[in-house]
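Next come two complexes, and both contain chain A; in the first it sits with chain B, in the second with chain C.
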Partner chain A sequence: MDYKEILKNIEGICGAGSLKAVANGADEVYVEAPAGSFNKLCHAFHKTLNSPVMMFFAVDNTAGNASYRLYCVFSGAQACGKWFFVYFDVPENKPEFNSIAKEIFSASLFEREMKEMFGIIPLGNPDTRRLHLHPEVWPKGNYPLRKSFKAGSLKAGEKKEYVFGKIEGDGIFEVPVGPVHAGIIGPGHFRFSAAGEPIINLEIRLGFTHRGVEKLFEGKKPEECLALSECASGDSVFAHSLAFCGAVEKINSIDVPPGAQYQRCIFLELERMYNHVADMGGIAIDVGFSFPSAYASTMKESLLCLNEKLTGSRYLKGINAIGGTGKSPDKNFLADLSAGLDDITQDFNSLKEMLLSNVSFMDRADNTGILRKKTAEDLGVIGMPARASGIPNDLRKDFPGVYAKMNFKAAKQNKGDVLARLNVRFQEFEESISIIRQAMNLLHGDGVPGNNTGAGKPGFALGYCEGWRGPVLYWLKINEKGFIDRCKIVDPSFHNWQGLSYAVLGEIIPDFPLCNKSFDLSYSGNDL
Partner chain B sequence: MRTLIIISQTLLLIALAPLLSGVIRKIKNNIRMRKGPGILQPYYNFFKLLSKDEVISENTSWLFRAAPYVVLSSTVAALLLVPAAPFGFGMDLMGDFIVVVFLLALGRFFIALAGLDAGSAFGGMGSSREMFLSSLVEPVMLLAVFTVSINSGSTNLSAVYSAPYLRLSSLIAGVALFIAAIAETSRIPVDNQETHLELTMVHEAMVLEYSGKSLALIELASHIKQIIFFTLIANILFPAGAMLAGPALNLVLFFIKLLSICAIVAIIEVSIAKMRLFRVVDFLSFGFVISVVALLVSVMGF
Partner chain C sequence: MIDIFRNSLKKGRVTRKIKCNRPDAGGSAPFEIAGKELRDIIRKKFGRSFHIREVDTGSCGACESEIIACTNPIYDIQRFGIDFVASPRHADALLVTGPVSKNMELALKRTYEAMPGPNLVITLGDCALDGGLFKDSYYTLKGAGSVVPVAIHIPGCPPKPIDIICSILNYLK
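Right, the complex of A and B next:
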């Protein structure tokens, strides 16, 4: 379907007259919301496209026209293969708007984020608490993403305690865990309300590693920021840099040569593979099943060694370049990769057999931590856990790009329990091997990938890719001088932490680590 | 002379107790393709902890400080009643099974109170789980013990050990006791000693507040408890009377028995996942059924 037809439908639903829509790049449509109809319009897009709020963010335009522009992003993948950006302006002197979170729950975290970062108040959002900037340490009245806020200019102001949701009743007690944990993981505070062992409520508080990444991008040249994007989330190095490069390339209309596209595809899948196999082992060790876990860790290590052999970096850093992959592969590239895949395929089959044929393990994984489809849809859960709950979404299918040439099936499970999430990993691991092999065949005899650093045009665009956890999105705006004006990053963890807090309800406390591992969300990807 | 032998045997077993944990860990690591720490690591840990300062929460009472001593002394007292390798002397006055069971219960009672004392969420969780599990483990232990006592006509331990041959009912009781031992020594599938996940812990969660010397004592007590169980199982499943060997050979045989139990425990630990907490009820009920069967078989005269 053409996107214009969808816009017609939506005009009909809203009754707000004809909409002003502009196409940007190949797959983005920007729709200006007429005064007073932003909420209605967002709701119409949400329902028509059956898409959660993928991004909802503000851009500071106070220098030009004394306003903040709010963009709410929906994915129209199934309907017409476009991203829809609904936008409207909020005046600088009265920064507030009517919350859309009451109708579209997946917008609520974004609204809280906007409130603390820009001071734009979502009127009517039921949760008025801060999200990432903890009130205990960050004084009131400082809005870091406003252009007027400079590093080191923190104004003194009121500080206060964060208030947790309170569950009361007979025999209900609270178990606070973290933010410092026993393992080598990021910081997050988990507050369980439990009646005996069963969990009645879980509140997750994050933001302890908030580093102001989005602010760090501002005022820099795109090529300077490539390394920064690689550091946004340590286990999704390639996905983040790929999404960032995608945005820069779109703004500058750079065509990435096919050879480079295939290479990128290979690296993205290698990243998926090493993370998925680490999680398979992680799920096993969280139920005390230590042999498969040890086995999986040797597999992860050999994948990391393969990465190093192919690229010189275990975690795939420093490979991506704007416009390509920087360099053409070595002459041994294909042979090494092929040998590596052969080994890992064998190991993978043993690992899968080991886990799925063990009764004591299956007893733990099956039926534990169920995230129902409806809940996942309402919360805007995306990526791998969404696929485990029966929601078909995979950017590699939805906005394929180079993946259009690959023959693969998107993983799908329906139950939404730990086992379903494990099975999604198994399926994706197998598909990744197949995708890499197909990309290797296409890579044969192809030209040297380009390396374009002449990126200086102004404009804005969305870069994206399906990382191993789910969609990684970068919305980038470059100003007239060629500097980045705004960079909005959404890592799938931002959406999915909420999914976890619903999946554990009714489970017993000792099963929480297992459920947590089956989502394996990123702290740093959330606390950008 | 007899006193001397008993004391030296007890000291030997106390000195040996941490080694068993080290051996089990070593076997597990070898199976998992890991190098891991040497078998003497539990000793290093013990002496390291002894030389460390202790941090004690201000919210605790005297109970928290006293508990490690109660636990250690009650466990050592239980050990005094458990003859290891029969040296060919009578210890009729020394050992009674039932006293062993209750001495261990005394230690557990105090450690559970200490877990609650600091008022931390993990301690409370651990104590509640430990009490829940021990209410299921103790019947298994007692019934298994009764079976063996009927077979030997006495609850006295040395009488049990000097059974001339292994009776079928004693074999079944030994298996039930093994199930109880897995729970009592916090091993997979009931508990996991290696985990860092506080939310899944049972025994470890209770002692999470302890550090320094107190922790050293508690860990030593756990090692001793483990050797008590392994000794009991070893001597019930392989009664010494059948071997008609001299004390020296008996001692060697005793060590071989302990080592093979360690190996079995280690292999079980790496080859299955930990059970869901409430599923442990099924597991221990299974142990209870086995011990009932043992009792019936014994009454039937086998």
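Right, the complex of A and C next:
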């Protein structure tokens, strides 16, 4: 379907008169919301496209026209293969708007983020507590993403304690965990309310690894920021840099040579493989099944060593460049990769058999931590856990790019429990091997690196890719001088942490690590 | 008992030698040499065990991944006497990653205070030294050194397992 037809339908639904829509690049449509109809319009897009709010963010235009522009992004993948950006302006002297989270729950976290970062108040949103800037350490009245904010000039203001949701009743007790956990993982605070053994509420408080990444992008040249995008989330290094490069390339209309595209595809899949295998081991250790876990950790190590052999970096850092991959593969690239894949396939098959043929393991994984499809849809869960709950979404199918040439099946499970998420990982691991082999055939050893540093055009665009957790989105705006004006990053973890807090309801606290590992969300990607 | 024997005889050996692509693998590899030297020092100075508590103060997660890699069967840092423990009360050393986000300042201090003396602090990764890439941010302190006294720094982004073990060795020597 053409996107214009969808716009016609939406005009009919919300009766807002004719909509002003502008296409930007190949797959983005910007729709200006007429005064007072932003909420209706967002709701209409949400229902018509069957998409959660993928991004919802503000851009500071106070220097030009004394306003903030809010963009609400929906994915029209199934309907017409476009991203829809609904936008409207909020005046600087009265920064408030009517909350859309009342109708579309997946907008809720974004509104809270906007309130703390820009001071734009979502009227009517029942929860306006801060996410990243903890009220204990960050004084009231400082909005870091406003252009007028300077790092050195922190205004004094009120600081206060964070208030957790209270669950009260006979025999209900709270178990607080974190921010420093027992294992070697990121910091986060989990507060369980339990009655006897089952968890009846879980509140997850994050933001401990907030480093102000989005602000650090501002005022820099795009090529300076590549390293920064690689440090957004340490286990999705390649996905983040790829999404960032995608945005810059779109703004500057740079065509990436096919050789470089195949290489990128290979690296993205390698990243998916080493993370998925680490999680298979993690799920095993969280039910106390240590042998497969040790086995999986050696597999992860071989994949990291393979990465190092191919690129010189265990975590695929410093490979992506704007316009390509920076260097062409050396002559042993395909041979090394092929040998590495052969070994890993053999190991993978025995790991899979080890796990699936063990009754006590299956007993723990099956039926545990169920995230229902309806809940997942309402919360806006995306990526890998969404696929395990029966929601078909995969950017590699929806906005394929180079993946259009690959023959693969998007993973799908229906039950939404730990086992379903494990099965999604198994399926994706197998598909990844097949995708890499197909990309190798297309690459033929003559990958043109492609490297374009002439990236100086002003404009804005969305860069995206399907990382191993789900869609990684970068919306980038570059000003006339060629500096980054705004960079909005959404890691799938930002959507999915809430999914975890619903999946554990009714489970016992000892099963929490298992549920947590089956999602394996990023702290740093969420907190940025 | 007989069943167990019969079962294992029937199945034979199920383990196999792990094939390792690690460039520094093998009996005389740098990792093994450094590890053995470290084991001797730990035996003398720490009575055979050197226990580390890890605190992430805002790292991207890659440093954690490398620390976990140290404990996999290929590197197996535990055989040299180093182990990662769940509580600062059990720890000889604190291993700090990340540029120290403002939100983690208090948690880092408290973890440090919960340790028994002499409170050895190791920083790991470029961010932990001086903030690294996040130096100019509004929400980070300038590395762990601004909160707690640091004894050893392990450079890298992230440092490889071999770098981790060699840095600790060089300090303890």
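List of remarks:
As a working rule, the second predicted complex is superposed on the first by the 525 of 528 C-alpha atoms of A that agree within 3 Å, B and C clash if a C-alpha of one lies under 4 Å from a C-alpha of the other, contacts with A are read in each partner's own complex, and residues count from 1 in each chain.
Everything below uses one rule, namely that a residue touches a chain if its C-beta (ideal position, glycine included) is under 8 Å from a C-beta of that chain, and two chains touch if they have at least 3 such contacts.
Since the structure is predicted, the reported quantities are computational estimates derived from the model, not experimental observations.
In the superposed model, A:Tyr68 lies in contact with neither chain B nor chain C. When the two structures are aligned on the shared chain, A:Asp511 is found in touch with chain B, with no touch to chain C. When the two structures are aligned on the shared chain, A:Thr209 is found in touch with chain C, with no touch to chain B. Legend: residue contacts after superposition of the two complexes on their common chain; A:Glu197 is shown touching chain B, with no touch to chain C.
In the superposition on chain A, contact is made by A:Val137 with chain C only, not with chain B.
The partner that reaches more residues of chain A, of the two candidates chain B and chain C, is C.
When the shared chain is aligned, chain B comes close enough to touch A:Ser360, but chain C does not.
Residue contacts after overlaying the shared chain place A:Val180 against chain C, while chain B stays out of touching range.
Legend: residue contacts after superposition of the two complexes on their common chain; A:Arg314 is shown touching chain C, with no touch to chain B. With both structures placed on the common chain, the touch criterion links A:Ser233 to chain C but leaves chain B unconnected. When the two complexes are laid over each other on chain A, chain A has residues 182-183, 294, 298 in contact with both chain B and chain C.
By the touch criterion stated above, chain A contacts chain B in their complex at residues 173-177, 182-183, 197, 284, 286-291, 294-295, 298, 358, 360-361, 363-364, 368, 508-513.
Residues of chain A that touch chain C in their complex: 132-134, 136-138, 144, 149, 151, 154, 179-180, 182-187, 207-213, 215-216, 227-228, 231-235, 237, 278, 294, 297-298, 300-302, 304-306, 308-309, 314-315, 317, 340, 343, 522-524, 527.
Chain contact summary for the complex, chain C toward chain A: residues 18-23, 54-69, 71-75, 84, 86-88, 98-99, 101-107, 111, 127, 133-134, 136-140, 157-158, 160.
The residues of chain B lying in touch with chain A in their complex are 28, 31-34, 121-122, 124-125, 188-189, 192, 194-200, 269-279.
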